[in-house]
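Order of writing sets the chain letters: A, B, C and D. Residues in each chain are counted from 1.
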Amino acid sequence: MELAMVGLGRMGANMAERLVRGGHRVVGSDPSPEARAKAADKGIEPAESLAAAIEALPSPRIVWLMVPAGDLVDKLLAELETLLAADDVVIDGGNSRYQDSLRRAERAGERGLHFVDVGTSGGVWGLAEGYSMMIGGEDDVVDSLTPLFETLAPAADKGWGHVGPAGAGHFTKMVHNGIEYGLMQAYAEGFAIMSKKAEFGVDLHQVAEIWRYGSVVRSWLLDLTADALDKNPSLEGIAPYVSDSGEGRWTVAEALELDVSAPVITLSLLERLRSREENSFGDKLLAAMRNEFGGHAIKSD
Amino acid sequence: MELAMVGLGRMGANMAERLVRGGHRVVGSDPSPEARAKAADKGIEPAESLAAAIEALPSPRIVWLMVPAGDLVDKLLAELETLLAADDVVIDGGNSRYQDSLRRAERAGERGLHFVDVGTSGGVWGLAEGYSMMIGGEDDVVDSLTPLFETLAPAADKGWGHVGPAGAGHFTKMVHNGIEYGLMQAYAEGFAIMSKKAEFGVDLHQVAEIWRYGSVVRSWLLDLTADALDKNPSLEGIAPYVSDSGEGRWTVAEALELDVSAPVITLSLLERLRSREENSFGDKLLAAMRNEFGGHAIKSD
Amino acid sequence: MELAMVGLGRMGANMAERLVRGGHRVVGSDPSPEARAKAADKGIEPAESLAAAIEALPSPRIVWLMVPAGDLVDKLLAELETLLAADDVVIDGGNSRYQDSLRRAERAGERGLHFVDVGTSGGVWGLAEGYSMMIGGEDDVVDSLTPLFETLAPAADKGWGHVGPAGAGHFTKMVHNGIEYGLMQAYAEGFAIMSKKAEFGVDLHQVAEIWRYGSVVRSWLLDLTADALDKNPSLEGIAPYVSDSGEGRWTVAEALELDVSAPVITLSLLERLRSREENSFGDKLLAAMRNEFGGHAIKSD
Amino acid sequence: MELAMVGLGRMGANMAERLVRGGHRVVGSDPSPEARAKAADKGIEPAESLAAAIEALPSPRIVWLMVPAGDLVDKLLAELETLLAADDVVIDGGNSRYQDSLRRAERAGERGLHFVDVGTSGGVWGLAEGYSMMIGGEDDVVDSLTPLFETLAPAADKGWGHVGPAGAGHFTKMVHNGIEYGLMQAYAEGFAIMSKKAEFGVDLHQVAEIWRYGSVVRSWLLDLTADALDKNPSLEGIAPYVSDSGEGRWTVAEALELDVSAPVITLSLLERLRSREENSFGDKLLAAMRNEFGGHAIKSD
């Protein structure tokens, strides 16, 4: 198939490359000349502008957005409205909030365009191993894109699926990331417990390797954990500072909205916030209260 | 009544003083000459040794232990076994684990002694305001001690009660402290949220004062919070380091033992552990994992 | 002072009555003839309509809204825009979300009106004991309302305060309710632990009474708990079903927005959701997973 | 090698069978004639008694216990003390608490025996796929057992390791199970959120299948989840009742002992307790409190 990949950052460039390797024609658009040059080396046709990328495609056009979630998506969609024609397809493969995708799909539909949301998992490993894709959109439109998904996925019949109407793809991806937070935190806690148990002197990398085969907790995240512990067994030099990129908190908000109690996903998010708190006011207040009622000593800052 | 107070630290000395003020005769025992001298100034009769204290009392003897929980209680009980006679009464007013009190009561009973466990709340404010006491022990023995409890309590008929057999007093006090952890953490979180909301510039001390009257969250801990925020509105110089003295974790262990889900008490304890963790291994591992799968940047230590 | 109380439900009628008792003139508006008749018995002047209530007041008019949070507030504000004139004051004393109050204050200001948000705590006990009020609004406007707050509060100088600009009142009340959730859950867990400990046969009502005096956990919520356990010691006939009315989840959302980790307030909310879940899909899935990997038996529905 | 397998239940019989398939000679002991007969069909030599099993082995004897954790292990060890001689080896492959293994290893050592603890993961799938084994014990003793581990593991060089001195094997397995609780709960919550989102009508089995390939959350537990959802998409007939078999709560206790905050593992355990609570006293009390302060309606049982 032929399509434009808008956004040639780490994710977009890798996906475009995997598509090219799979025999598709990919026109690539990105404001950065370096990103375009690098993409050209991989067989992606660089376009100087979004308009140029669209012009380079036959009708109906397929445009795959792979850019950071948020305003940029709306900005690009507004520009695309002026460039595209009826029956063209816009795919948002980024980590957009599903409520945004619902809104964008409705607006696209009003203009005769088709909007498809593709929740994409796989990270930096996707180029080699394939991407897991949860797809939302109209049946016939998603069907028509099948060759793309078959190429991007780990196998033609594995790791991708049309999960529902527009919005459902990003919704499912959001929950995927919520689960991811919980899984990561579970491993982190377990390894932290072992690392604190000095008397056994357990080799954490060895344990991770043992568990990779035959154990109940084997997983891809454990493979990565083993890899990280192999490179840096004591995690020296790594700050205990855990970022979050939005989908965890959206999942927590969604669970509340649906009245579903999701304590582990929620606490995983809170733990990340906690990792970034410095000089917690709450903890200072607890220390002050203990001093008030019990005369317990307060540690100085 | 006449009794020996064993342990003239902050709690023991204050309780002895309140008993003396209430017309009781208190012989005080403590290894520290300073503590004994200070107690003597308050009308407590200092005794050079535990044996001397016992000798100074009429039969049946009443001995109130007010010492740190743990081995010291067992050590003193062993010594008391050699000094006391049938029908003498030993009261443990400290924060002993209730399982220890069950064991100690059984052993005391085998020697003809009576064991009473008094869970005591009130902290440094008890001298002035009276102590809240949860009492475990045999009916007639606890009855016979009524005048002591009436004096120590905030009022003769308020703030104390015989809650069950030996062990029940410390059990109830343990749960009291578990609840205390939860209450404290709830306030701490609320004030932390307000302190972070820079745009409203809310005066935390003022809010605490408002809430003290008429609000649903009014409480003694809030009174103390208001006091702490009055003295030090930004809690400057206080380390965000929260100790725990055992009863919180015993409550958590008990809840698990009883198969009762107590998430808030449990999380309150975990938050204290968290406040003392430096350079969390778990958080470092989370950062390392994010780097592994997503190429997300790691902050350096 | 003279004012209109709009909404003569439980809260509005009680507050109007307390104002009348304090010597203020209150015109009462409510769509229900019964509510108006009942209010009239308490010395509140019933008005047939909102317009009639406004007309009955001297300028500048003071209108106190005491209605359920949400669309009704906006509807009433829209109607009031047509009835009020420059420098009139609208007070929202309900449990509105503070972001709504920010928006409403801005709009009111554009029309020359003054908007004041009063977070009000005290529930059904406020009539007798006074209300705790956290007030947001312009300095001089809030100052001019002082006599009302002095009457409504537990004492002229206690239980109320001007905490910041418009929005700050409802923000502070929101956090108050978040804390309330945490406090309630802490007590609930503690009493649940004691109720499960059959061997001690602790009398929960007695324990609550003991703790009311001198203990660290004494509070107004504990007073109510003692009262509830007095009336119904085993809580027979009460379903384990806990509602929530919004402010808890707003507090959780706010904490996330501010990147403050508030595990206890958050878990208190989740526990309420959990209390209302029937036939939890998550728990079924856990049982199914255990069967898958370990052959563990599944209980039938 | 030659060894006795004591306990021919699901785990013991499967492990014995895998050993036989791997060319080892296994004498099997179990009080159940049916279990012995079934084992005989797989090439395991049935022994009428523990004594008979020991007698059938050459010196030094190797005895592998695969029985439920707890008193039975101590009972068998006491019997083995009378049957074994210096330098014989006892392996506990069950889910014993590691503190018990420390104690048992010490006692065995005093009698000249060698104790090895093998934390074993893999469940009912271990026969076909191999077991993941975390091994604690003396270096040379564990070394001498290498052929057994190479046979039982998924591959000779994969899925097993000598992690430390006696006790370290069961300690590591305990943490493994704690992590397992967290992972399971994370998936359960995620699928529960999706199942509640009626508007997207997401097919949960399809989503699980998609995620199995290329996604960040792919894991063996997800494979099992997909399998469970394939067989029973709505989990109909499965009670939302989740048992726990000890290691989760031991992990929580250990984390507290080590002062490591492990909120997700802890909450995963609490959620299981919660799934088994009927008519929660805490929730009833919350409903009663809300009625007390706010007049909120109580649902009847």
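The working rule: a residue touches a chain if its C-beta (ideal position, glycine included) is under 8 Å from a C-beta of that chain, and two chains touch if they have at least 3 such contacts.
Molecules present, by chain and UniProt name: A, B, C, D = Decarboxylating 6-phosphogluconate dehydrogenase.
Keep in mind it's a predicted model, so treat the numbers as computed, not measured.
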{"item": "Chain pair with the higher count of C-beta pairs in contact (B-C, C-D)", "value": "B-C"}
{"item": "Far-end chain from chain C, centres as C-alpha averages", "value": "D"}
{"item": "Gap in Å, rounded to a whole number, between the CA centres of chain D and chain C", "value": "48"}
{"item": "Separation of chain A from chain C, taking each centre as the mean of its C-alpha atoms, in whole Å", "value": "39"}
{"item": "Centroid distance [mean C-alpha coordinates] between chain C and chain B, Å", "value": "33"}
{"item": "Residue list for chain B, restricted to those that touch at least two other chains", "value": "123, 185, 187, 189, 192, 196, 216, 220-221, 259-260, 262-263, 267, 270-271, 274, 282, 293"}
{"item": "Complex contacts: residues of chain C adjacent to chain D", "value": "10, 123-125, 184-185, 187-189, 191-192, 195-196, 220-221, 224-225, 227-228, 232, 235-243, 245, 263, 267, 271-272, 274-275, 279-296, 298-301"}
{"item": "Residues of chain D that touch chain A when the two form their complex", "value": "121-123, 126, 129-134, 136, 153-155, 158-161, 163-165, 167-168, 171-172, 175-183, 185-187, 189-190, 192-194, 196-197, 200-203, 206-207, 209-222, 251, 254-255, 258-260, 262-265, 267-268, 270-271"}
{"item": "In the complex, chain D residues that touch chain B", "value": "216, 249, 252-253, 256, 259-263, 266-267, 269-271, 273-274, 276-277, 282, 293"}
